[in-house]
Amino acid sequence: MKQHNTAGPLELDSLAISTAPHTPSRRPWSVGAALGAIGYGYVVVVIGFLYLPILVMALMSANASPLYELPFHFTVHWYQALADDGVLKAAAFRSIEIALWTTLLSTILGVMASLAFFRYDFAGKRFLQAMLFPPMAIPWLITGTAMLIFFFAIGIGRGLHAILLGHVALALPYVIIVVGARLRTFSPELELAARSLGASGWQITWRVTLPAIAPGVVAGALFGFAVSFDQFVVSYFLSDPGETTLPVEIYSAIRKGFTPEINAISTIIIVVSMGTMLIVSRLYRFGGEQ
Amino acid sequence: MALIDKVVKRALTCVMATAVLASFAAHAEDVHVLNWKGYGTDEPWALKEFEARTGYHVVNDFFNSEQEMLTKLRTNPGAYDVVMVNSAFNQQAREQNLLQPVDVNGMPNVADLDPKMRHSHLLEIGGQSYGIPWVWGVTSFAVNDTKIHPVPDTIQALWDPAYKGHVGMRDDAIEAVQFAALATDQNINDIKNLDAVKSKLKALTSQLKTFWSSENDWNQYVASGVFYVSTYWSGSAARARNKFNLPVTFVIPKEGAIGWLDSLSIPKGAHNVNGAKAFINYMIDPGFYTQWDSRVGAPVSANTKAVAALPAAAFNRAVLANPAVQSRIQFQEPITDDKRRAYLQLWQEIKAQAD
Amino acid sequence: MKFALSSPQGRPLVRAMTLAGPAYMWLLLAVFLPLSVMLFYSFMSDVPTSGGNWSLTFQNYLTFLDEPLYRKLMVRSLGLSAQVTLICTVLGFPCAYMLAKVIRGRSREALFLLIILPFWSNGLVRIFSWNMVLRSGGVVDWVLNHLWPWPVDTDLMFSYPAIVIGLVHSYLPYAVLTAYLSLQAIDDSLIEAARSMGAGRLTILRRLILPLAMPGMLAGAVLTFVPVVGAFMEPRLLGGRKGTFIGTVIEDQFVAVFNWPLGAALSFTLLALVLAILFIGMRLSRRKDK
C-alpha cells in the first residue's frame, strides 16, 4: 500500500522552499516561520478537539460510577466485566469482520465505478451520478426499513448476509465520491499517453492510474470501513436476534442498563485501531514514487 | 455371537434414535420471546429457573417502540412464540392479524389473575383471550427528594417555575397529550379541550431541560442533577431506588396518573405454542414475580396472589394496590391511527416552537 | 473539460457499463429497489397490511405544502446543515493544507492516522461523551472555573450550539481528508514557480491552491451536507427540547406512529430538495469557471 505520495518530483526541493520565504518580505522576521508555527498550533488544536470526547470516553471507562458520576474513582471493573461479556465481544468481532468485507467489496466496486465516470462520457452518466445521493440523503431509518421490507418480500430475509448487502450499498457512494475527487486531480493525458505506447486497458489501470490515485483509494476504503463499522440503523433492522453487530448492541444497551462497559470496549477498539494503523504505516514506508 | 451382535445393534439404534430425537428436541425446546430489553423476560436467573423447570430454552429479541414491535411481527412470521403487547395496542395487533387466541388450559396461574384485567375488553374478544395480563403500572412523575421537599402531591409541580430548567419528560406525543389532559382535569381517553392541552404543553416545554428516552437516560439525568422532577414509570422508579440507589420518590398526584397494562400474547404462526404457554404461566407466577420485584424492581403483577406475596412495605403492594390510589388511575384505551397522528403533529408543532 | 477515453475495442458506453455495472447492480438490489417500494408507499394513504384499506393519493406530498410545520423544519435542517458544512470546510482546510504541504515525514503519517481514528469510535458513545464535556459540571465547565477568577456555570448541553458541535466533530474528518486528497496532488513545483514569479502568499492561495483543491473541498462539503440534513441522532441527544428537525420528525413517523407513507413522502421531498441544491450549486460553479 503506497500512501501519501505527492505527484510532484521536487519534494526535496520544496521542503527547503516552503520553510523559507522567497518573496521579498517587508518584515524583519520570517512570516513563513510565523505562519508555520501558527499552522502547527492550529493542527494541534484541531486534533485536540477531535479527541476531547474520545479521551473523556476512555477516562470514563475507568471510572467506578455506573452512572457516569464524578468525582472520579479509578477501577478496572468494567474491563473485567467486558472480559466476561461474551455477547459484546462476539458483536465486536462480527462488526470488524463485516466492516472488512464491506471495505473490500465497496472499494473494488467503487473504484471501478469511479474510473468509469472519469474515463467515459455516456448517456445517463449524470443520472447515475445523481443516484449516488439517495443512499446518503435519505435518513438511514427509511432506507433500513425499506431494506427490511424488500428483503423480506423477496426472500433474502435478515442476517449477516443482509447486513453485508446493506453496508456495501451504503459505503459505495462515499467511495465513489472520494475516489472521484482524487481522479479529478489526475490528468487523463497520462492514460492516453500510456495507451499510445501500446499498454492495454488493464495495464493502464494497474500501473498508471491506480498508483497515482492511491491516496484516494485508501481514503475511500477508510471511509467505507467507518461507514460500516459505525452503522447501526440499517444493521439494527437487518440483524438476527442472536447475531448482532457492536453498534446495535451498544444501542440496545443504551436503552436499559448502559454501563461503562460500553466505554471500555470503545476504548479498546480505538487503541487497537491505533496500534494496527501504526504497524501498517511502519511496514509500508512512506516513500516518493513516480 | 449372533445374540451379542443383535444386542449391540439394538443398543446402537437406540442410542442413535435418542440422539436424533434429542437434536430435534433441542431445537423444538426453544421459546422465542419478543419484549423490551431488561423488562422481566430476559432476566438470566429467571431463564435458568424456567429452563430447569420445563426444559425450554429461551431466546430473546427486543424492540424499542410499539411500532417496531408490530413491524417485527409482520416481517418475521413464525419467528416468535411470545410477544409482549401493551394492551392499548392489542386491538391494532389483532386487526393486523398478528396474534392468535391463547388457550388457557394448562396454565394454572391464570386463575389467580385479577378478573377485571383478565376479562378486560382490551384483551378478551368474544370469550377468547388474545393477551394474558402480565403487569400493570402507571406513568406519573418522580422527584429527586433531596432537591425537592416536601414531596408535592399535585401534577402542577411539573409546571412550577421554581423548577424551570430541571424538568424532564419522555418524548412521546401520546404521553405528553395525556399528561396535559390530566393537568387540565380531562379524561385522557376522551379529550374534549385540545386547546387547553396545547397551551399546557407549550408551557411545559419551556420548563424542560431535555427529554429522556430510556431508563438509563433518566437515571443518569437524575444522578447528574439535570432533573429535579420528571415523568417516569412506576416500575422503573422502583428500580431507580432499589438498584441504582437514587433518592427518588414516585408520586401519584391527586389529579391522577396514566395507567397501562402490559400483556403477553402468542403471535400467529408461532412454532412452539406449548413452550409459549409455559413461559407465560411462569411470568405470572408469584415465585418469579416476588424475585423480580425484590431483585430488580417491577411494575405491579396482574396476579393478585403474586402481589399479596410481596413484603408489606413494597411500593407495588402498599401504594399501587391501594384502592384509593387505584381510583385515581386512568387506564389507557386504544387510540385510532388518525388520533395518534393528530396528537403527533400537535406535539411536533409545539416542540418545533421551543424557544 | 473532460476527455472521453475512447478505446479501440467497443463503444464507451459498453466499457463504462462493465466498470460501473457491478457497483450499480449492487445498489439496485440493496438500495434502489427497496427505496422504490418506499416511493410507492409514499403515494398511499396507508401501508397495505392485512386488514387495512389503502388508496393512492398525493396527500402525503401535499401535506408538505399544507402544513407549515414541515416547511419550517426543512428550512431549519437545511440551515443547520449549511452551517455545519461551512464550519467543517473552513476549519478543515487549513488543517489539510498543513498536512499536505507543510508537515513532512513521520509526523505527517502520524497526524493523518490521528485524524482518521475518531471515525472508528462508536457514534453514540461519542455523543454521550460530548454530554460529559458540555454539561454543567462537565469538562468545559470545570476548565473554565479553574481558569476564570470568579465562578462560572456553563451548560452547553441541550442547545443548538451543542448540536452543531457534535455534528462538526463527527464530520470534520471528512472535510480534512477530502481537502487533503486534492491538496496533496498539487505539484509543489507549481507553487515554487508562482513564488519565483513574484506572487504573494495570498495570491498563490487564492488563484492557485484553492481552485486546485476545489474538487476535494467540494467532495467533503457534499459528504457533510447531504447526511446532516437528515440527521436525527445528534439533534435528539444533544439538542434536548431544542432538537426538533426534519430528521427527527421523519423518524417519528416510523417509530411513534405507523405513518410510513408520510415519513416516506417527507424523505423523498428532502431528497429532492437536496438534489436541487446540489444541482444549482453545480450550475453556479460552472458559470464561474467559464
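Every chain is named by a letter (A, B and C) in the order it is written, and numbering of its residues begins at 1.
Throughout what follows, contacts are C-beta pairs under 8 Å (C-beta built on N, C-alpha and C of every residue); 3 or more make two chains touch, one makes a residue touch a chain.
Keep in mind that this is a model prediction, so the values were computed, not measured.
Set against the Cα centre of subunit C, the chain with the most distant centre is B. Across the two candidate interfaces, A-B and A-C, the one carrying more C-beta contacts is A-C. Chain centres here are Cα averages; for subunit A and subunit B they lie 40 Å apart.
Rounded to a whole number, the gap between the C-alpha centres of subunit A and subunit C is 14 angstrom.
In subunit A, the residues that reach two or more other chains under the touch definition are 68, 145, 149, 254, 258. Multi-chain contact residues, meaning those touching two or more other chains, occur in subunit B at positions 64, 213, 224. Multi-chain contact residues of subunit C, defined as those touching 2 or more other chains: 137, 254-255. Taken in their complex, subunit A has these residues touching subunit B: 65-69, 145, 148-149, 152, 158, 241-242, 252-258. Contact residues of subunit C toward subunit B in the complex are 46, 49-52, 67, 69, 72-73, 76, 135-137, 157-158, 236, 240-242, 244, 249, 252-259, 262. Contact residues on subunit B toward subunit C in their complex (touch as defined above): 64-65, 67-68, 70, 74, 95-97, 171-174, 205, 208-211, 213, 224-226, 337, 340-341, 344-345, 348-349, 351-352, 354. The touching residues of subunit A, when paired with subunit C in their complex, are 3-4, 6-11, 13-15, 17-18, 22-23, 31, 35-36, 39-40, 42-43, 46-47, 49-54, 56-57, 60, 68, 70, 105, 109-110, 112-113, 115-117, 119-123, 125, 128, 130-131, 133-139, 141-143, 145-147, 149-151, 153, 165-166, 168-170, 172, 174, 176-178, 180-182, 184-186, 188-189, 191-192, 195, 201, 215-216, 219, 222-223, 225-226, 229-230, 232, 246-247, 250-251, 254, 258, 262-263, 266, 269-270, 273-274, 277-278, 281, 286. The part of subunit C that touches subunit A in the complex is made up of residues 2-5, 7, 12-13, 15-17, 19-20, 22-24, 26-27, 29-35, 37-38, 91, 94-95, 97-99, 101-106, 108-126, 128-130, 132-133, 137, 139, 169, 172-174, 176-178, 180-182, 184-192, 195-196, 198-201, 212, 215-216, 218-219, 222-223, 226-227, 229-232, 247, 250-251, 254-255, 260, 263-264, 267-268, 270-271, 274-275, 278.
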